[in-house]
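Next come two complexes, and both contain subunit A; in the first it sits with subunit B, in the second with subunit C.
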Partner chain A sequence: MGARSSMQLQEEEINEIQRETGFSQSQIVRLYSRFTSLDKSNNGFLSREDFLRIPELAINPLGDRIVHAFFQESNDDTVNFKQFMRVLARFRPIKTNQDKNKMNTREDKLRFAFKMYDLDGDDKISKDELLAVLHMMVGANISEEQLGSIADRTITEVDYNKDNQISFEEFVKAMEKVDVEQKMSIRFLN
Partner chain B sequence: MIIGIFSGLNVIERDISISYSKGIRIQSISTDINDVKKKFDLSDIMYFAKCGVETIIEDDVTQRFSAEELPSWNLLSRTSYGYHYISLRLTIIWGLGFLARYFVLLPFRLILAVLGIGWLIVCTAFIGYLPAGKFKRELNQYVMLMCFRILSRACSAIVTFHNRENKAKNGICVANHTSPIDVIVLSCDNCYALVGQAQGGLLGVLQRAMGRATAHIWFERSEVKDRHLVTKRLKEHVDDLDKLPMLIFPEGTCINNTSVMMFKKGSFEVGTTIYPVAVKYDHRFGDAFWNSSKQGMIQHLLNIMTSWAVVCDVWYLPPMSKLDGEDAVEFANRVKSEIARKGGLVDLEWDGQLKRAKVKDSWKEKPQEEYSKMLKVD
Partner chain C sequence: MLVALFITTWQIDAVDSAEQGEKSESNHTERYKLAAWNFHHVEIPYVICLWVLLASVTKLAFHLYKTLSANIPESCLLITLGVCTGAVLHYTKAASTDQYVLNADTFFLFLLPPIIFDAGYHMPNRAFFNNLGTILLLAVVNTLWNTVAIGLSLWGMSYIGWIERDISWLHCFLFSALISAVDPVAVLAIFEEIHVNEMLYIIVFGESLLNDGVTVVLYHMLESYSEIGETNILPIDVATGFFSFFIIALGGTLIGIIYGLIGGFITKYTESIKVIEPLFVFVLGYLAYLTAEMVHLSSILALTFGGITMRHYVELNMTKTSITTCRYFMKLMGNISETVIFMFLGLSTVVETHDWQLDFIFFTLLFCIVFRVMGIVTIAFFVNRTRLIQLSKFDQFIMSYGGLRGGIAFCLALLLNEDIIPEKRMFVSTTIVVVFFTVFLQGITIKPVVNALKVEKHVSDDNPTMNERFHRRFIDHLMAGIEDIVGRTGHNSLRDKFEHYNTKYLKPFLLREKPKTRETKIFKVFTQINMQEAMDHIATHGHFKTPSVIQEPSLAKVIRSYSTQSLCPSSTGDTVIDNKTVLDMQAVDVYYSKKMADDSRIHHILEDAMFKPRKTWVKENHYQLSEVHNHPPFRHKERFQLRRFISQAYRLKSSQQQNGVAHTVVEAPKPSKNVSFNELPTTTAQPMQEIEEECPNSPTVSDQSPVKFTLGLSEITPVDAIKSPSPPPAIKVQPPCPTPPTETEVEWSLPWKRQVTNDPLPSATSLDMPDDDRPLFSPLPSWACNPSYHHLKDSGSPYVSPETTITAPPPVNNQPSVFEVFQTVNDDQKDKTDNIPPPWKENNEIEPVTALPSNAMSDKANHNLHSFHDDKCIPSSHSVIIPSDTDDDLPKSSNLPGSTSNLVPKHWQPIEMQSIPRKRSMLEAEALMDEYAFQQEVSNRVQKWLESSNSDVEPGDVKMEDVEDVEENEVESDNETSYL
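Presenting the complex of A and B:
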């Protein structure tokens, strides 16, 4: 009876998360409520199943990669609330007051997007990795050859050191004209 | 010392949504994204990433399977999401409320419930002996209304009926489902033939009792799977004008009364006039939602009987029939929209079975298809 969302979140933990991520107190408390409602087994951790129980995430073609981003943060097969918040912090809008940007700088956001492509985590996007992600996005609707030529074209356009892979620096340069602030920010209320 | 009182409002403003029927929708872009044709860009992944993280923070579906959050506390500990120890005065008030609900209201309501059920069983047994005919039907109507009104008092139900000229006389009546109490609430005003699975225990006794006085449809568990059999029995019942209108809840499961979820097409294939009914509970007096994956029926009924009251509005909508060229699914969606609109509920296309079941992998195919249509391929 209401125990599900009882305040197991201590004041100090809230302050710590606030310092680290820049979220406001009320946002943290609200997100904690969400965290506990996803935590069906009530043990303070989220598992992969807990995430994929969200129907809209399960039908997202890149749902698995997004969930993976949370587990990369925790380096484990469970995600606790602090780790959960650290990932969400990337999507905070960028504030004009520089001091208020904790984990949500343009570079942080680009790094999140880069890691979605970088399947083996070696800090480079190879052609195979790009192909695999393209496959996730389009399913069976585009042929292998066409996907291959898209991947080739994309890499050629951004690959400056001609190693046939995209490094993070090359990725950042490629995204120069992209409005990353808008595309990778979520509008948090209050 | 007050710790965290939630306003029950949204945390974020959703921008991107992916649905398995409508594809990709982006609020912040004015043109319809589905009309755009562009070459692949590395930044495309950002749409999927942002949408995914948005749904992790707030999604349309999972919130429907738990009780609605209230803007301010209604002194029931079961609705104290995130409210913790607030103040001594409030705790005392809550304590008094607790005593009143459990030691004054509850015994009174239990007595009424027992009386109501007992009277129902006795009367239906008596009516069962009468020969079929007009007198039997009218007596059944009279008795049923009386018994359900007693039972509704047992829940302290205060129901306001709107547009009673649209009440169903035969055919099929469909309504959104929140709790088994829906049946009691609706049966205070009109007599229905109920449809459901045959149960054991007290519920089974009631089912058989009611079945003596008038025709209801109770399916065995095995029969439920046989779609043709179900449709056939429904059709037989509906074609007989002497029988009562059938009450069906096409969602197939209880939803928390903030939205209407997918209507199963079964009842819309029978080919008769549908009388939609919208039911909206006022949750400030007590949440009527039955979370069947968390609570048993007895505990739920106990919850109802220890709430302040069950206050609800019932709207009878004008009858609807299937249009030419419309199939059962489209018809079902049309009726669902009408009910959602009237009751002030969110109209969702998602299946209520997602309360327990998982999303099928094949549902990913629609967004994948939508995205690939957008891509300009050499």
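Presenting the complex of A and C:
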């Protein structure tokens, strides 16, 4: 930790991250500079405030939820660089060379999205969890009833085991036709 | 016919006046022609229509022949058709070449805009903007590269002599500028048929659209350079040309966006005139195009972005029909334009002015292909470094292969000035060859190639599930957030930002309804899915169950249940009947609900719907009518009529009172339009009177005992009860209650409710009623003489046939005046003449009604015993009719009510209570009257009276009827009135 506060990224750390996440060295260096620029307090980890300081996130309806996703990785209120990279690794584009794909398979991506819904971690998206996300996305102007019916509709559509919840398997099935590989990828600069 | 003649004449006149000069010399006067032939008058639109018709029919035939359309693109066929037609026209000398060669102005002003607008409007926005970087790079860099490379190579070939013609480098560049641009029309025509994936399609098509900016710049720049002259070009001209590119491209885009926003703003206010909504879309789009063309900006860019912008806002403002109209019409126009363009391309090849320079053509083709491929591969290489979705080799091949040339290049070549560019003819011919080559060879082969390369096909996502839509949006936001966190501005975060500000600032300004949320698509999908399910449901089940109608057991059940409720309390036998009744109604009022109102409504609807044979009865004459009357709905109508008569009677009475003709006793009712309790006597009195007239003659009354009618079956049986009270000297009309009975809303809005309140009062109460001082009087209810319901009364069944229902509003004011009226009658019999209901009396004076339909005497009695209980002026009480035969003054003659003006009205005469008929059979005989015939008689009489006082009928009378019924039946009842 102390070493990181000096803005230096150790070689072995880079290698470790590279092994784990599949990012290239240059990508890691680039993202590290981003990480440090976000880390206003300069203490080697990011707090929620650091994330929420990003101006664009303020207008993102799911901004809170996205930030929260970073903290699911760690159990405390901070995100260090490794955890940061681990989250971002999900959004690497899928390479045709299978060896290079780490943490960025279709299932990894879907699992990440699923976990963003599933706040209580019971591996199911309940109606309330769905409603919460819906609320964030559509804002406050839509009536509760309407949102409720949409949530119901969404659940019943894929609720194959009739437990009124969406399990991960059901979620994957629901997203069958969506090109998640492309949608949930961003191009990281080298 | 007349119009046609007129037009013909007018044409002849016009022709005459035009040719008057010549004709005056020859002194030949043109006579009027029977028919005329003036093709010139309609030539231009006529020919256009013929062309369009020809092209469309060919298109149709082409698609009917499946094997052909599966292998050959439509554009190829249309060009072929054009060539054939052109050849025929050319060699038969039917038309000169000028007439069928594509006119560049026509092309740019009329043929091109629909296609471009259609393309821009239906642009898949997300794919377009996600790939905008690649598209722009291709459109600008690749087009520039192609122009420069082709121009240079051609000039080089010419310079080293491989092309025999010596062409100046400027002209080479001019030609290469027009030939290097990929043509959106051709690309659209081909790519719409091969269904490649959206990304590939949008890259090729987007390039073809956006390269217009570059092409326009280069073309105009080089054209003016040619005019200036090769040697006179200054560096400033080059610099101007370079910067003008930005102005032309960005200016065109800006014009399009501005017009798009205007479109959004205008449609914000079209709510009241929705029909013209699509008009704004088309006019504004065209204006954007023309404006850009006017100031030499890129008109295609203007139209494209105009379409994109406009759709974004306009479709949120317009109605669904307008949107459909817009899209459909746009597709239609685009399709026609495309058809015509390709056909004219074919036609235009058949000219004599060709200049086939084969080596030039060959090298042009070669360079076009080679440099296109080179440009694509190079750009793809660079683009792939930053693209998330890589452009594969196959993609690059299709992109190169899809570099089709078309009508734009051809028209630009046509526009060249031959004085400045002597090689114009060669350029035109070469362009035609290149266009044909790309459209035919590449167009036909691209489909097999795509299939062979297994290029990813387009997957339609027309029917996304709720989950897909929902999670996609979720992922969009997520990715935008991730991009923000990573600090890399990708299209996700850009889109998110645009949506944010768009929703926050632009949409409230441009949209009719302030957007409630950004996630309109989620709701759209939700609605869509629900609609789909509803349709499926209907398809499988045939109908939806509407609980309010179908689950209701039956109307009769409703009636019964409510009648029972109201009946039970009244059977307690309170002496104060009227109060009791009122209490009843109020009690029922508690049960009043919306459902009951609905029932009432349904009742009326049903009743009116049942009315059918209007035609038949309208043709019947007055006396034949009685048969037709058996149809219940008609009687429903009849009641309206009667109601009208009542109101008229009332009006007449009041007018009489004003004239001081009669009725010193009857207090002047308030001149309210509503039929109130006050008016009741005037209408009911008449039948009563007649009853009394007829009764003496009937065998059943031969014992000269007065008949007392009571309401309710049980009332009839206890003769003793009737007998026991000391008979009043005259029939007293007892108002139900000194205090006006409060009729509840239930009563007047529920037909059966209304009926119920007047329905058989329990015997206990009715027995109490005829105490000597206050025998109650009221009209006999219809069921009293209706045999079909007679038996029901024994059981106390409250069932009432719907035809006796009342829909009138309750009497508004129940004035004590009524009471006084009848009180006076009892007190002073001498004045009875004055108490005759005004209408009848008046009627009598004017025209004595003597011609009663020849019915049997007994029938007459029945006829006269008309129940008005179905009118709104029913007293909420039970009544007794006591005709008295024993009265000495009783006229035995069959005087009609109108003619008895000198006589004491019988029903006012005192009744000897001892002589009240004891024979139940007689009472029953009276009661067992046929209601239909009875009603008929009454209406006849009323009609008679009405005829005499017809002038008094005013439309305002109708107001007294139930509002609902007035709306439905006003006209009909009027018809009936006049007819009756």
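Going forward, the second predicted complex is superposed on the first by the 183 of 190 C-alpha atoms of A that agree within 3 Å, B and C clash if a C-alpha of one lies under 4 Å from a C-alpha of the other, contacts with A are read in each partner's own complex, and residues count from 1 in each chain.
By our rule, a residue touches a chain if its C-beta (ideal position, glycine included) is under 8 Å from a C-beta of that chain, and two chains touch if they have at least 3 such contacts.
Computed from a predicted model, the values in this text were never measured in an experiment.
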Contacts of A:R53 with subunit B and subunit C, given as first, second, both or neither: first
First, second, both or neither for A:Q27, with subunit B first and subunit C second: first
Subunit B versus subunit C as contact partner of A:N43, first or second or both or neither: neither
Which of subunit B and subunit C A:T154 touches, first, second, both or neither: both
Touching partner for A:F91 - first (subunit B), second (subunit C), both, neither: both
Touched partner set for A:Q10, first subunit B, second subunit C, both or neither: neither
Overlap of subunit C and subunit B interfaces on subunit A (superposed complexes): 31, 34, 37-38, 51, 54, 56-57, 59-63, 66, 88, 91, 113, 116-117, 133-134, 137-139, 141-142, 146, 149-150, 153-154, 158, 171, 174-175, 178, 180, 182-189
Subunit B partner contacts - residues on subunit A that touch it in the complex: 1-2, 4-7, 26-27, 29-31, 33-34, 37-38, 51-63, 66, 87-88, 91, 112-113, 116-117, 133-134, 137-142, 146, 149-150, 153-154, 158, 166, 171, 174-175, 178, 180, 182-189
Contact set on subunit C toward subunit A in their complex: 386-389, 459, 461, 465-468, 470-488, 490, 492-493, 496-497, 500, 516-519, 522-523, 526, 529-530
Subunit A to subunit C touching residues, read off their complex: 31, 34, 37-38, 51, 54, 56-57, 59-63, 66-67, 70, 88, 91, 93, 113, 116-117, 133-134, 137-139, 141-142, 146, 149-150, 153-154, 157-158, 171, 174-175, 177-178, 180, 182-189
Subunit A partner contacts - residues on subunit B that touch it in the complex: 3-4, 6, 9-13, 15, 17-20, 28, 39-63, 66, 77-84, 350, 354, 358-359, 363-369, 371-373, 375, 377-378
